[in-house]
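For reference, the structures are reproduced in the following blocks.
Presented sequentially are two complexes of subunit A, the first with subunit B as partner and the second with subunit C.
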Partner chain A sequence: MRTMSAIVIDNVTFGYDKKSGDVLKSVSLQIEEGEFVCVVGRNGSGKSTLAKTINGLLTPSEGSIKVFGVDTKEESTIFDVRKNVGMVFQNPDNQMVASIVEDDVAFGPENLGIPREEIKARIDWALKAVGMEEYRHGTPNKLSGGQKQRIAIAGVLALKPRVLVLDEATAMLDPRGRREVMDTVRELNKKENITVIHITHYMEECVGADRVVVVDGGEIVMQGRPEEVFSKRSELSTYQLGLPPVMALADMLRERGVEIGVVHKEDELVEELCRLL
Partner chain B sequence: MLRDVTFGQYYPKNSFVHRMDARVKILLMILYIVTIFLVQTYSGYIATAFVLITTIVVARIPLKTVLKSVKAVIFLVLFTAILNILFYQGESTTVVFSWWIIKVTDGGLLFAMQMAFRLIFLVMGTSLLTFTTTPVELTDGIESLLSPLKLIRVPVHDIAVIMSITLRFIPILMEETDKIIMAQSSRGADFSSGGIIKRAKALLPVLIPLFISAFRRADELSLAMDSRCYGAPVKRTKHKVRRISVRDIIGSIFYLAYLAFIIVDNSLLLLLI
Partner chain C sequence: MSIVIENLSFTYMKKTPYEKKALKNLSLEIRDGEFLGIIGSTGSGKSTLIQHINGLLPCQEGKIVVSGIDLSCKKPDYKAVRKKVGVVFQYPEYQLFDETVEKDVGFGPKNMGLKEDEIKERVRESLQLVGLNVDEIGQKSPFDLSGGQKRRVAIAGVIAMRPEILVLDEPTAGLDPQGKKEILDLVKNLQKTCSPTVIMISHNMDEISDMADRIALMHKGELLACLTPDELFSRKDLVDVAGLELPVAVSVIQKLRDRGVDLGQTVCRKSELADLIARRVKKC
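Now for the complex of A and B:
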């Protein structure tokens, strides 16, 4: 069991209907437990479809997906898969079922018939993990986008998943909300060893990930450590993906003759520039 | 604009009545409605007024606020009162006023007055439930009260989830309506002039985007609910427990005493006749 991969996607092909063709074309991907993987791609590349196949919301027309060894096609074990793979979607408002934060977080465990005392403990833990414990008895209606999305994450965490899939969960948020959500997720990955699959089109969110997977036209076209992927700038641009703004800025400076080293983050760039001054 | 409309009419306070169990309050409200229709005597009306005012005072809700809820039905009250005065003679038929086919009797006047008071007491009493109970508590309470229906396979839990989602999305859709109205107004749509038909037509460009968005939201919500194991084939649990407290017992005794008084009062009336 210990050596089993968290998720094994094996030659998966998927199409919504025959006319529009396949959205995913024999995709294979293996994700280990505890990994932080970013999946990037332009609109319509199939990245979101890929996310929805992982917890069995969509079942592949060909190939198979195994989550900790359980096939997502098997209807009798689908709730084992969903218990293990928490899914956070784009619009935080469209993921909440209750008008009170703790009721919403309790929704998942209640569905699984978990005893009351355990649910209480899970609400405590989940809200603390996303730093929203003070809003427990409040309503999500008055919170900011980032805060709502953190509540949505807490609602998923209450299922005690081993994998967290963020399906463009930062796309609708403002920069501050995005940072809040990313910090929360990174911490969960580090502290709780939760495997994270983050689907996004913001390249800067890939910085610090264990692996970046580039999807285009329903296929995996690039894969590797962030530095590796970012170093292939021209290849990225053929998939209409740019570098993270900080790296793009560093590149532009380099073109103008500023001798700047390789940087990935804002503070690294600042340091490099200070060194030059 | 629309966002200012406070949804529901919950009046936040931390009173004895507010802290009572929602289920008990719902049952007591039903008891109150039934009792009000049993009232036949003046002393019965006085007792009703006493019960009502005591509840309002204990709930610490200003009388003015409660009376506002009567304003909404004042037309209905007046209308039924006028009809009763004009066309109902009652048992006593001393004619007070007569013209053409209309004959106003003192019995009719008395009946009309009784009916009007009954309606006003009814509206005031029932509005107290929504003043002192949040919508969430109400839906929880309804779910709990309906739970015996599970035995005859009524999907009580699904009904509760539907109610909960409705409550959750009312403010969201209100905000959305607001945004669409502003977007359409900024493109020159006119919502405030013309006759009723023209205004209703002008709302069409608001309703269509609203519906499309609502369907899209429903679609996403269903995915999110599936992902959170909704419909798993196990017995669901509930994280909240509601316990009946001394408060609920005191409240129940008070209302049962009221019912008892009305019944005794009515039977005394029968004895006298």
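Now for the complex of A and C:
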């Protein structure tokens, strides 16, 4: 039997109101279970709107979205959708609901009426998965931004979602916080086979993803493996997007006549340079 | 000398169980016309420091003199210092409040007691400096603008006071790559046209080493060093203590050195590293 796709977005159109027009225009996208997809695009391109349609926070005015076969338009099954799709937003401070870390993580499963023992087990697992188990009895407001975002992710994980949507979850963090969150998410994707949809402005976070989707003017304008997308520099720049810093450096070297092969990661560039120097 | 800070210490919630020492014995001189970058992880004291520069936080211990105004004396002239120092806080667009863009940008000059026509002129000029046109957006509500425009209007509101010293706390946070570039170009431009001394906090090491003459590195309330970008990032001891992320160029140089290829110097800018390598390759 063929496995079912995690998410099928079929010809989705959406607008907030008539005045501002459609923010998403006939978008179609299929995401398989276990995939790590990065969504990039300039401010106002429709990335966040797209993310919010995936767990039914917004319902499309035309077209349909199915999450593991369940249509987000069906009100009777919307909780199945939301249980499967966990969302993490930009501002860590806006996502904390309790004054103790473990209570915060327990908030979701408690609302689902899950038995106490099971909730405890889930908290253990979720905090361990984000590497925050030692903060279990601490208070979230004493944590750094990166730590808070990991708690927010744990709170979502406690619902055992199969898909994690990160809506610019790294935008407000310092470099270390960003790295913590990215490492955590990559780990969850690999070990737990959680499907990840990561919306970001940081091109370097796309390196290593299975797919990069470029959104502009409410449409998907490019997609493919990171190396394919990043090889189309001029097309990217028309959407006001650049390359990850390492690739930009490699380009500068090529402009100066240094023959560098295709590189995406820093270690690959260093390898190339060692060959030349 | 533009700003002189000597042995500055600051403690939040003094004499309570929540007491927290945020600045410890910090000394720093910022020169007229300098572009100073401030880096350090969350909680290192960066924001506490800049809030001292325009007197938002009172000087508890030590000395701070800004453009000749002593903020460590008994009754500091806060009004005077706030005219000289304009602070653009993080996500400044959240501080827009007035009905129209024109009124919002004119709020500062109005409070400075300028006349109606002077205020109008200031608003026009300030909006122009940030790349906006008063005739187009002056009568709009600031809340109807796009994210990038809102941030520009907020910056215009600060430079409408014509501060000699412009302080910016992570001005590019949350913007897309193009928006970031535009704001950085704007800051460079403002230094030339309006506020000669700029102090900017950033978490982006590539960005800050590109912009700053010197970088102040903060760590747990202390100033670890204040050096040029190239000097700072060549100091492995400092970088390790503060757990800094490195600019891409520096990171590549270090990895090359680990592999036995020593380029002989540390540069922070990608273009400079590319030049350096290109020269070496041609010699090989």
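Just a few scattered comments:
Definition applied: the second predicted complex is superposed on the first by the 275 of 277 C-alpha atoms of A that agree within 3 Å, B and C clash if a C-alpha of one lies under 4 Å from a C-alpha of the other, contacts with A are read in each partner's own complex, and residues count from 1 in each chain.
To be clear about the criterion, a residue touches a chain if its C-beta (ideal position, glycine included) is under 8 Å from a C-beta of that chain, and two chains touch if they have at least 3 such contacts.
This one's a predicted model, so the numbers in the text were calculated from it and none came from an experiment.
In the superposition on chain A, A:113 makes contact with subunit B only, while subunit C stays out of contact range.
Look at A:257: by the touch rule set out above, it reaches subunit C but stays clear of subunit B.
Once the two complexes are laid over each other on the shared chain, residue contacts for A:201 go to subunit C alone; subunit B is not touched.
By the touch criterion defined above, A:141 lies against subunit B but remains apart from subunit C after alignment on the C-alpha atoms of chain A.
Shared-chain residue A:98: touches subunit B; no touch with subunit C.
In the overlay built on the shared chain, the residue A:249 is in contact with subunit C alone; subunit B does not reach it. By the document's definition of touching, neither partner reaches A:73: not subunit B, not subunit C. In the superposition on chain A, the residues of subunit A contacting both subunit B and subunit C are 90. Contacts from subunit B toward subunit A in the complex involve residues 135-136, 161, 164-165, 167-168, 171-172, 217, 220-221, 223-241. On subunit A, the positions that touch subunit B within their shared complex are 52, 55, 57, 79, 82-83, 85-87, 89-91, 93-100, 102-103, 106-116, 119-120, 123, 141, 152, 155-156, 159. Contact residues on subunit A toward subunit C in their complex (touch as defined above): 41-44, 90, 144-145, 168, 171-172, 174-177, 179, 201, 203, 240-242, 245-246, 248-249, 252-253, 255-258, 266-267, 269-270, 273-274, 276-277. Contact residues on subunit C toward subunit A in their complex (touch as defined above): 41-43, 146-148, 173-179, 203-206, 243-245, 248-249, 251-252, 255-256, 259, 261, 270-271, 273-275, 277-278, 280-282, 284.
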